[in-house]
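Listed below are the structures to be examined.
Both complexes shown next keep chain A, but they swap its partner, so chain B is in the first and chain C is in the second.
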Partner chain A sequence: MNSSLIMLEISVIGLGLVLMLADLFVPAERRRFIGYAAIVALGVLLVTSLSGNGSCGQFDTAFGGMFVNDALSLFFKQLFIVAAILVLFMAAEFSDKLAEGSVAEYYSLILFALAGMLFAASSNDFTMLFVSIELITITFYVLVSFQRGKIQSLEAGVKYLILGALSSAFMVFGIALIWGTTGELNFTRLAAVAPQFADSQIFLLGVLLVLVGLGFKIAAFPFQIWAPDVYQGAPTPTTAFLAIGSKAAGFVLLLRVLFTAVPGVTAHWANLLIVISAITILYGNLCAIPQRNLKRLLGYSSIAHAGYLLLGVAALSASGQSALMYYLAGYVFTVMAAFFVITLVMRHLATEDISGLAGLNQRSPLLAATLTLAMVSLAGIPPLAGFFGKFLLLKAVIEAAQTSHNHGYYCLAFTALAGVIISLYYYFGVIRAIYWSKSPEDVSPIVLSSPAKFSIGACLAGMLWIGVFPNTVLNLTNLAAAALGK
Partner chain B sequence: MSILTYIAGWPLLAALLLVLVPRNYRVIIRAIAVLATLISAVLAVKMFAQFVPGANGFQFEQQIPWVESLGISYHVGVDGLNVGLILMGAIVAFAAALCSWEIQTREKEFYILLLVMTGGILGAFASLDVFFFYFLHELALVPTFIMIGVWGRGEKKNYATFQITLYLSIGALIALIGLIALYLKSGANTFDIPKIIEHAKANPLSVNAQNFIFPLLLFGFGILVSLWPFHSWAPLGYGVAPSPTAMLHAGVLKKFGLYGLIRIALPLLPQAAQSWAHVIAWLCVGNILYVGWVAMRQKDLNLLIGNSSVAHMGFIFLGIASLNLIGVTGAILIMVAHGFLAALTFALSGYIYKQTGTLQISELGGLCRKLPFIGTALLMAAMAGCGLPGFANFFGEATVFFGAWTTFPAVTVIALWGALVIGGIYMTRAIRNILHGPLPEKWASLADATNAWRKLPYALLLASLLLFGFVPKLLTEKINPDARKIVALATVENKTGVVIATRSSGRESAPNLLAENQRRLASVATK
Partner chain C sequence: MNVGLHHYLFVSFMLFSLGLLGVILRRNLLVIYMSLELMLNSANLALVSFSRFNNKLDGQVLVFFIITVAAAEVAVGLALIVALYRKRQSAHVEDLTSMKL
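Our next item is the complex of A and B:
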């Protein structure tokens, strides 16, 4: 057994514990800096994981095949760490809205959720899958309801708790059925025996129930119902982490289950995936149209994006998986940029209504431009990351249509396009509110701290870089997709 | 670096530069925009002059790999098909930047969008890579919506913005599906157009695949070009658009779909093109006759111009549908000529609107007395619009009719009606009501364009129309060899009904070709 493989995860958990302890010794007015220390530490971990000598660079399995390090887990781990760094920056800006003296706890909870995501990226076993999902979800129950004084935050926490517990129950039941029929929990070994059970209704029901649990994590139809409420009620950094980290963790587990554990079953479920993807896209986009609350709007938009990402799963091909991962990489920077602006602008306002953006281009041209570019990228307009990502996803779907002769894929491609066109309406609505609504009386400039400027710059650079020079990321995602196909 | 990169790059660079200029430096903002488009236009003229007609392959080529794993590269180059379009686009963009003095609010954003649009269009025409071809078009398309939505005029602004966004996004995305399907079906594993064509010569696409992809491209591109019955966005959209936007969109960006059909659909999907040709030809009748009819009933000058511009698209589609050398050459000629013409008419109507605040034909009258320069230019534009010899449009339309006669005689007869009679009626009627007759009291204080800068865009566009009207050889000698190659590819396996013998190489010297073409034109004409 090679426990050195989980050094990264151990360091992240250790860092979380250190932050909690640091809370005892650091005076209250300096606690914001605990976050910056955590950012630096995560940055070091990211560099070591990138360098190839780090623990995630060694491609091997540990704990009897439960834990695997490969190109796929490496890609997702980097993605999670980048997301966590940006969320920590955001949390530092948000800290004055959190309860007195609880900032360090918030930081360490983010790190524990991150540890869960890192384990999810490497899980190769249903036990590991369940444990990592629970580590993420339970941490998020706390993160969502962290603003104890705010009724919406508590309400969101309760909703997330009830629906999350329900979906966990489904998932455990599904895992139990799979184990009961096949006697295997390990993905690799399950793949070897699964074909014998291809006709077993109980086994198929088990796989379906696991998908239900994962569908809840990624907010795919019909398990999306929690997303808008929770996005709206949760503290903004939590919402951002939920939109990126939790969703990406759901997708990496979905990829592992569908393409490593039960590829034979997946091949027969193309139509199911097509239908789910199509409905998710339409539901998210159509429901986003009447929204006035910016976070709620992004909640619906994140449902729509779960649908777009499912295009890559439904295509059942390496190019689809690679497109999905590329899209996620662009999505991290885009969504982080959007939530960052919301954090900074809405900080001093009681409302999160879109009208609060009025006059933003006079108050802070940088924030106005950032939010505009984020919306443009989400809508899929060149030259930002969203355009090339959608292009790759569409290409994968049409490729699937041509190789499988399943006309459902063409319908899916047209549905996705319909979704893109619908989404132009509400994304441009946000841009319009920034530049062309009546200016409010308060046009005082928004002062940005230098860490905030730095992280916004990083988001912008990421969006543009991934969109204009897709080569680097695309090579990584191709490798990751190849690892999945093995 | 290829001169084409500079032509498309300067406006984009200037757009970036404008982001940094504070918004109250109005003169500097305007100067940067005008200068950048001027540089593009000068470079385009230089490129046009240096272009060697009939040279083999592409000229001013440049290729930089972008995403190797998918075979996407930044690849620009010109041949006879796009050399005229790039020249026209750059000149129209310069004229549009000059005409933008009418924009008084939020100038900075307007000029940034205008420059992005310019760079996008010119880049799209220069692209020889399917991905960049689409990507740059999309880059130019989105600013159009924003410009119409924000700086548009009239009560129907929101509705028109909504409609144009919906139509054009749907069109562009349908075309995108077609292009991706084409890339995957071709099996060449590259987005490079010349390479795909080369690959398709040895491994042509199956007829089934062609028949699936061609309609996607035809209707996707067709919506972008306002092919009947998908044209209803155009007149209204142009009616409310600020005039620089209408100039660039109606003049240049709209030609993207037509160019895409000629550059990509004809050579790669020949069998489907042949079987769909009659559908295109009959849809043109809708453009020419029906929309011409609608134009006759218009009471608003901009709606009239918008409808007439939709009607003109019909001639281009007819030229493409004829699938022969004369028809395709004529189609490209009209694309260039109509670009200048549409830009000129929208610029003039914009000037009149700025002065009078209305474009209702019934409220105008006798304007030629107060606006001699603008009035004369409008008169000439109207004459060019109904196809008077001496303007570039005449030569293009005549060529298309000669080309189409051999394949679609019935459609040609109807189209001639539309061009000569209907076009003549609405244009002369509009001229009489706007420029002649008694001058209403309220217009006594109108001011003509006196300043040389104000006159320049109109003069430039008129001069271009006249230049290519009197010396069409400048264009035909360049278009001819490459149109011949495209037609040769498009008429594979089906030479019935096409009288022109196809020849594979275009190395013959230009004068010979031209003479031959004229002989052929004459012989068809006497038939």
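Our next item is the complex of A and C:
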């Protein structure tokens, strides 16, 4: 037993509790500044985890193999902390749209969701998988419906609640069937006994049901129904955290289940993964075309991106997994930049329609440039992060086609390319609204606070750095993918 | 008649299917929520019976986690449904239509 490994998670939960207590002593008009204290504390945790002295730098297992720290968990934990820091910045800007004085609760809920994600990154056991995914999901029920005075927010919360509970019921039943047939909950030990059960229908049904639960988290077809409504109705910082944190947590658990726990089954299911990935890409991109609400559009775009990320899973190779993680790293900064601009521009407007972006070029050139670069990166145009990520994912799929002689992979690569071309249409629709829309009514300049400028600068720097100098991140992702293959 | 593992699993599958049907067919949010709890508890029944017949305790430990998590989920979920009811004066899924294309 080595419980010092979970120091990072304990610190994050402790920080969340401290923020809740601070809520009692800080007057309501100053509560948004509590967020900056939380950002500093998370920054310290991030630096200690990077330096290798922190708990997640020690590669070991704890609690009877339930909890594992390796290169994979280290990579995802850093990604989650960066995402949470950016979301906290966004929440501080958003605080005047939340109920009076409730922003400190919002901050601490973000930290509890972060703790769930950190546990998810390290889980090596179905019990840990279930508990960490539920910690994330239940916190998100509250985060999504946090604007309780707004009917859309409540509706989004209820929809997320019903479909989230449904998917966790499927997952629990799947875990029961897997455990019932094999007698193992631990991924590493399950991998040793799973080959004997490769023909057992009940075992395969169990694995399928667990994949249903994880498919819901990443919003892959056919479990994507919730995404557009929830993305539209939720407060914008929640939407951003949902698009990054919740999706990345789903992917790290998917990688662990598919490649650590049941690698033998996964090898037979390549065609299933190919089909799901292709349909998800097409569905997300085609449905995004007619959307007018910017957050709903990004909801469909996030479904499409779940499909692109699944390319890396379907390739069934270390290079595919590494490309997936690289793509996620670029996706964090891109999506955060987009949602940051939405938060700043739309907070004084009643609608979140694309037409609200009219004249943004004159109101704030920095925000206009940021949103443009984010859209260009999401569409996958060089030299930004999105381009190189898509290139690596497609490369991994083509390699898989050459080694396995499965022609489905060529069809998948073709579908992904078609998806990229379709997506250009609606991403450029957003850019057109910024620069070329007629007669903007409101041309008052948007004043940015210095933390907002700083975080937008960080998003831009991240997007460009990951796109132009991919080697640093690629080294990390290659190490992480190697840890998964062991 | 001897009651074996298969009987328990059959009941568990039946409960799961009933819960799923309830979620799909019923229109009241509270009834849908009850059906979801039924699905979770059918998994609990399966875990406990596997645990009993395989003489392993891990499953029963997992059941405790599931019950705890389900309780937390119910607390948050009912609060949400009540908040929605106060806003809308209705707990029917047909009324959840404020967001459409």
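We adopt the following convention: the second predicted complex is superposed on the first by the 485 of 486 C-alpha atoms of A that agree within 3 Å, B and C clash if a C-alpha of one lies under 4 Å from a C-alpha of the other, contacts with A are read in each partner's own complex, and residues count from 1 in each chain.
As a convention for this text, a residue touches a chain if its C-beta (ideal position, glycine included) is under 8 Å from a C-beta of that chain, and two chains touch if they have at least 3 such contacts.
Because the structure is predicted, anything quoted here is derived from the model rather than measured.
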| item | value |
| --- | --- |
| First (chain B), second (chain C), both or neither touched by A:Ala165 | second |
| Partner chain(s) touched by A:Ile381 [first = chain B, second = chain C, both, neither] | first |
| Partner chain in contact with A:Gln402 - chain B first, chain C second, else both or neither | first |
| First, second, both or neither for A:Leu17, with chain B first and chain C second | neither |
| Which of chain B and chain C A:Leu474 touches, first, second, both or neither | first |
| Winner by number of chain A residues touched, once chain B and chain C are compared | C |
| Chain B to chain A touching residues, read off their complex | 19, 66-70, 106, 109, 131, 135-136, 138-139, 142, 145-146, 149-150, 165-166, 169-170, 173-174, 176-177, 180-181, 183-185 |
| Residue ranges of chain A in contact with chain C within the complex | 126-127, 130-131, 134, 138, 141-142, 145, 148, 151-152, 154-159, 161-162, 165-166, 168-170, 172-173, 175-177, 179-180, 183, 185, 228-229, 232-233, 290-292, 296 |
| Touching residues on chain A, where the partner in the complex is chain B | 369, 376, 381-383, 387, 391, 394-395, 398-399, 402, 413-414, 417, 420-421, 424, 428, 432, 435-436, 470-471, 474-475, 478 |
| In the complex, chain C residues that touch chain A | 9, 12, 16, 19, 23, 29, 32-33, 36, 39-40, 42-44, 46-47, 50, 54, 56, 58-59, 61-62, 65-66, 69, 72-73, 76-77, 80-81, 83-84, 87-88, 96, 98-99, 101 |
